[in-house]
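Next come two complexes, and both contain subunit A; in the first it sits with subunit B, in the second with subunit C.
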Partner chain A sequence: MNVSLTILEIAVILLGLTILLVDLWLPTQYRRLLGYTAAAGVVAILIGSFWMPVGEAEFAFGRMYIFDPLALYFKRFFLLAAAIVLVLTVDFSERLPSGISEYYALSLFALSGMMFAASANDFILVFVALELITITFYILTSFQRNRLTSLEAGIKYLILGALATGFTVYGIALIFGTANATSFSVIASKTADLAGNPLFLLGTLLVLVGVGFKIAAFPFQMWAPDVYQGAPAPTAAFLAVGSKAAGMVLLLRILFGVIPQITINWTALLMAVSGLTILYGNLCAIPQRSLKRLLGYSSIAHAGYMLLGIIAVNQAGSTAVLFYLVGYLFTVLAAFGVICVVMRITDSDDLSAFAGLHSRSPLLAAALGFSMVSLAGIPPLAGFFGKFLLLRALLEQGTASHYWLALVALIGVAMSLYYYLGIVRTVYWTKAQSNDPIITVAGPIRCVLYGCIAAMLYLGIFPNMIVNAAVRASLAFQL
Partner chain B sequence: MTSIGLGHYLVVSAALFCIGLFGVVTRRSLLVIYMSLELMLNAANLALVAMSRFNGNLDGQIMVFFTITVAAAEVSVGLAMIVALCRKRRSAHVEDLTTLKL
Partner chain C sequence: MSTITYILLWPLLGAVCVAALPGSFRFAIRSIALATTFISMILAILLFVGFDASVAGPQFVQKVPWVQALGISYHVGVDGLNIGLLLMGAIVAFTAACMSSEIETRLKEYYILLLVMTVGILSAFASLDLFFFYFFHELALIPTFIMIGLWGRGENRNYATYKITIYLSIGALLALIGLISIYVQTGARTFDIIELTRLVSAKPIGAQSQGIIFPFLLFGFGILVSLWPFHTWAPLGYAAAPTATAMLHAGVLKKFGLYGLIRVAIPLLPDAARDWTQVLALLCLGNILYCGFVAMRQKNLLLLIGNSSVAHMGFVFLGIASLSLVGITGAVLVMIAHGFLAALTFALIGFLHRQTGTVEMDRLGGLLPRIPFVGAVMIMAMLAGCGLPGFANFVGEVTVFFGAWKVFPVITVLALWGALVIGGVYMLRAIRTVFHGPATTAFESLKDAVHPLARLSFVLLLGSLLLFGFFPRLLSDKIRPAADQIAAMVAPRETTAPVLAGTSAATDEPILRR
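What follows is the complex of A and B.
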């Protein structure tokens, strides 16, 4: 047993516990600044991760826990996302009624769950990691318990999340019963025999329901718009990036690592899910007036795009998904950063609150504009290159149905142009109401927004570095 | 008289799971929905324990320990949220959850 492999998770959990303890002795007025401490700690762990040796896959806890380039790639991804989210949270913290340190600590615990999910090599660890993420997010979603919207979003997430958990556990029970094991390595070696066993297939499908819920794929997407709209902005940002990526890494590990043969048999099913997810997300986003709700629908559509890479069932597909997630991280966090700041002034995320944002704060307008253009997939930003990689991986398979699905994806992108560019128009070409004040942006958020804009441009123009890292990580799958 | 085998346990477990799912879909009170969700989890636990017993592999029982622990955590969080909603709305019915809509 090799506990040292889990050093990153241990560090994150210790950081969370330290925050909780320090809170006891800290005067109230300094408590919100604990968020900067937490963010700095997460960044330090992220930097420390570059000293971790990684080559061949290594295992800990009786092969339950795997440490390989793919796991490390996602761990760094989650650490980066959490650091940015924590900075946003400090800005948001004045609007939380109480318990700001708990908010930071819970974000860190959710982060540790995501990092465990990245290393899952056993269905038991899949379950525990998923629940660690989901249960902390129930609390984070309903944290503004003096607001009805936040509570309601939390309850909706709770009911649907618990339903997804029920399916997952039952699925794991069926898999355990048919394969007589919960370890990915053991099940992968038995898939040839299990591929014809209907109970095993049903069990796998039920587990995929739970994972599909996390990434908000059709038909398990109903929670996303409500929760994004009602949850505090930093929570929604962390949900959009962290929780979705945790679902994606589990999906990749299960579909590509454990049951690649069955995945190929299920291509038609996955294609239907992906196509419907893209169309549903984009169609429903069109009439939205609340920006957070719109981003909720857009996150559904983006889950559909990422499924394109999974349908490809090849190294290129998994590389594309990994790259796309990094681009999506910077894009979505920039958008939620802007929402966080604007909502502090206006207390509304209605599109009218963003009218003429350009004249009130050029930086916020630029960040929101870049992020919408990147989400829409217009070159030369990160979103374009990510979509290009996904479609190229899909078309490598080259059957007629793959071409049809690519066409559906392109139709979805065309529809999304309408509402993304509509936001850009609101920000730049709509007149602000005369009584709207100039918005000042705090220094750390300013740095985050500049960083996100720079990263979107960098990933779109010089994607090589991240693509190479994604290619190395994808070698985990023998496809 | 035939002895009770794995099949019997699995049928009971599937029935419990379906009853739970039916409750979640049809009931209107949040507390009853929550009870039905717990029923679904326990159906899975029953299946795990039975398969563990008949396969002679203890891994399933370990999984059940994890499920029970996690379910307890989930219930405590969930009930706290339902109580908070009751205080705010004076009701715990799903029809009242209509603030967030298009």
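What follows is the complex of A and C.
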């Protein structure tokens, strides 16, 4: 057993505990700034992760915990996302009634859960990591106790999340009952015998329900729009990026690492889920007026796109998903960053609040514009290259049904152009109301937004580095 | 670095400089745009002059690996197929910048978009890498949409913007599926078009896969070129677009789909291409006849020219469908000629619209004495549009008919009728209504084009039409080696004999001489 492998998680948890402790002695007016400390700490851990030696897969806690390039890729991903979200939170924290330090600490605990999920090699750890993420998010979602919508979102998330957890536990129980093990390594060696066992298949399917809930895939997407709309903007951002990526890494670990053969058998099912997710997300996003809600639906659609890579069941597929997530991180966080700032001023995320944003703050308009164009998958931004990789992975299988699915995805992308460009239109075309003030953006957020724009361009024009990293991480799967 | 890279870098540099300037430096912004497009036009002319027509493969090649894991590289080069298009694109880009003086609001954003669009267009035609070929086309499309939405004219602007966006995006995405499938099916792990062509001629893609992939490319590219019945976006879009956008899109960017068919779809999927030629030939009649009739009924000059531009695309499709050396050469000639012509007519109508405030033909009349220069150029452009000898369009169209005659005699006869009779009717009628007849008193203060830049751009475009009309060998000699290669690749296995005989005769020659 090798505890030193979990050093990144330990560091994050210690950071969270430190924040809680410091809060006891710190005068109230300085507590807000703890967020910058937390962000700096997370960035330090992220930088430290580059000194972690990584080669062959190593295990800890009786093979429950795996440390390989894939795990490290996702850990860095989560650390980066958390650092940006913490910076956004500081800007947002004025609107929180109290308990700002707890908000930071909970975000860090959710982060540790995501990092454990990246290293899960056992269904028990899957469950623990998922619960660590979900339960902290119940609290983070309803953190604005003075707003009914926030509480409503929290309750909805709690009820549906608890239901999904129930499915997961039941699934794990069935898997344990049939395979007599919960370890991925053991089950993977037995799949040839288990592939015909209906109870095992039912168990896996139920676990996938739980994970599908995390990534908001159809038909477990119900919560996403309500929660995104009601939750505080930084929470919604972290949900959109971190929680979804945690679901994706578990999906990859289970479908590609443990039961690749069964995944291939289930291609038709996964295709239906992916196609419906894409269509549902894009169709429902069209009439939305609330930007956060719209991003909720769009996040459903993007889960559908990422499933295209899963359906491919090849290393190209996982490479594509990994790259797509990084592009998605910068894109979505830029959008939520803008929402954070605008909501601080106007207290509304209705599209009319963004009208003529260009004349009130060119930076915010540019960030939102770039982010929408990237989400729509238009070159030269990150979203285009991600979609390109996904399509390529999907078409590598080359059967007629794969082509049909590619067509469905294409229709989804064409529909999404309508509402994404609609937002760009609102931001640049529509005249601002004359009494709308000029928006000043705080320094750290300004840096974050510039960074996100640069990253979207960099990933779209020079994708080489991240593609190579994703390819290396994908070697974890023997497909 | 290859000259081509410089041709592409100058407008990009211009865009970056304009982005760095404050929006109030209107004169500087416009000068930068004019200067950079002018330099890239001069470089393109030098490239055209320096092109060696006797070499079959690509020249002025530059290749830089980009994403090794996927085999993507920045790879530019010109051969007979794209040298003329690149030249035409660079000239049209400069003239489009000249004609942009009509823009008065948000100058900075406008010129950034115009220059980015120019970079995208020229790079798409220069790319020999399948990925960047697509990438740059998309890069050029987005400014098109934004420019129509922001600076477009008419009440239909919003509708036209959404229509053109959705049509062209679907077309591009369909083509993307096809392009990726080709990459995947060859299994070569490279996006290099030259390399792929070589691999496919050694070991063709399976017939069944070809049958699946080809329709994606045919209809994807087809939508981009306004193939009937997916053409309805074009007249509306051009009527709503600002002058420069209409010039660049109708003139140059639209040819991307045709170029893609000739460069990628036909040589890489030859078996499927042969199966689909009948369909393509029938659909091209839709363009020529149906859109010709629609153009006849138009009362709005912009819609008339928009429909006629769609009809002209039919000739290119017919040339491509013939799959013969002559037909493909003719198709490339029409593409280049139509590029100049479309840019010229949209520039002229843009000028008229700015002067008179209307493009409704009922309200215009007897304009020729008031604006002799613009009127004369316009009449010549419209005659070129009916395929009058002396203009480059005639050369291209007649070559297409020669090429298509052997394969589709009936369709060629119908197409000829469409070209000569229908085209003649609407063009001559437009000339009569707008320029001849009694002058309406409304336009007494009308001014001719006096600005040297406006005159220069009309002269450049019309001059190119005449130059290539009188000396078509300047183009056709360059096109032939490349077109020959493609015709040989797509020729059925049995009839490859004449080609082989030709090459053996060539190798025999030195012996005879000895």
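As a convention for this text, the second predicted complex is superposed on the first by the 479 of 479 C-alpha atoms of A that agree within 3 Å, B and C clash if a C-alpha of one lies under 4 Å from a C-alpha of the other, contacts with A are read in each partner's own complex, and residues count from 1 in each chain.
The definition used in the following text is that contacts are C-beta pairs under 8 Å (C-beta built on N, C-alpha and C of every residue); 3 or more make two chains touch, one makes a residue touch a chain.
Treat the numbers as computed from the prediction; the structure is a model and nothing was measured.
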Inset, instruction - Give the label of whichever partner, subunit B or subunit C, reaches more residues of subunit A. - result: B
Legend entry - Which superposed partner A:Ile264 touches (first subunit B, second subunit C, both, neither): neither
Inset, instruction - Would you check which partner chain A:Ala406 touches, where first means subunit B only, second means subunit C only, and both and neither mean what they say? - result: second
Legend entry - Partner chain(s) touched by A:Val471 [first = subunit B, second = subunit C, both, neither]: second
Inset, instruction - Please indicate which partner A:Leu205 is in contact with in the superposed arrangement: first for subunit B, second for subunit C, both, or neither. - result: neither
Legend entry - Partner chain(s) touched by A:Gln288 [first = subunit B, second = subunit C, both, neither]: first
Inset, instruction - May I ask you to decide whether A:Leu20 touches subunit B, subunit C, both, or neither, giving the answer as first, second, both or neither? - result: neither
Inset, instruction - Report for A:Tyr170: first if it touches subunit B alone, second if subunit C alone, otherwise both or neither. - result: first
Inset, instruction - Please identify the positions on subunit A that touch both subunit B and subunit C, taking each partner from its own complex. - result: none
Inset, instruction - Name, in rising order, each residue of subunit A that touches subunit C in their complex. - result: 319, 373, 378-380, 384, 388-389, 391-392, 395-396, 398, 400, 403, 406-407, 410-411, 413-414, 417-418, 421, 425, 428-429, 462-464, 467-468, 471
Inset, instruction - Could you please specify the touching residues of subunit A with respect to subunit B in the complex? - result: 123-124, 127-128, 131, 135, 138-139, 142, 145, 148-149, 151-156, 158-159, 162-163, 165-167, 169-170, 172-174, 176-177, 180-182, 225-226, 229-230, 287-288, 293
Inset, instruction - Spell out the part of subunit B that touches subunit A in their complex, as residue ranges. - result: 10, 13, 17, 20-21, 24, 30, 33-34, 37, 40-41, 43-45, 47-48, 51-52, 55, 57, 59-60, 62-63, 66-67, 70, 73-74, 77-78, 81-82, 84-85, 88-89, 97, 99-100, 102
Legend entry - Contact set on subunit C toward subunit A in their complex: 66-70, 131, 135-136, 138-139, 142, 145, 149-150, 162, 165-166, 169-170, 173-174, 176-177, 180-181, 183-185, 209, 212
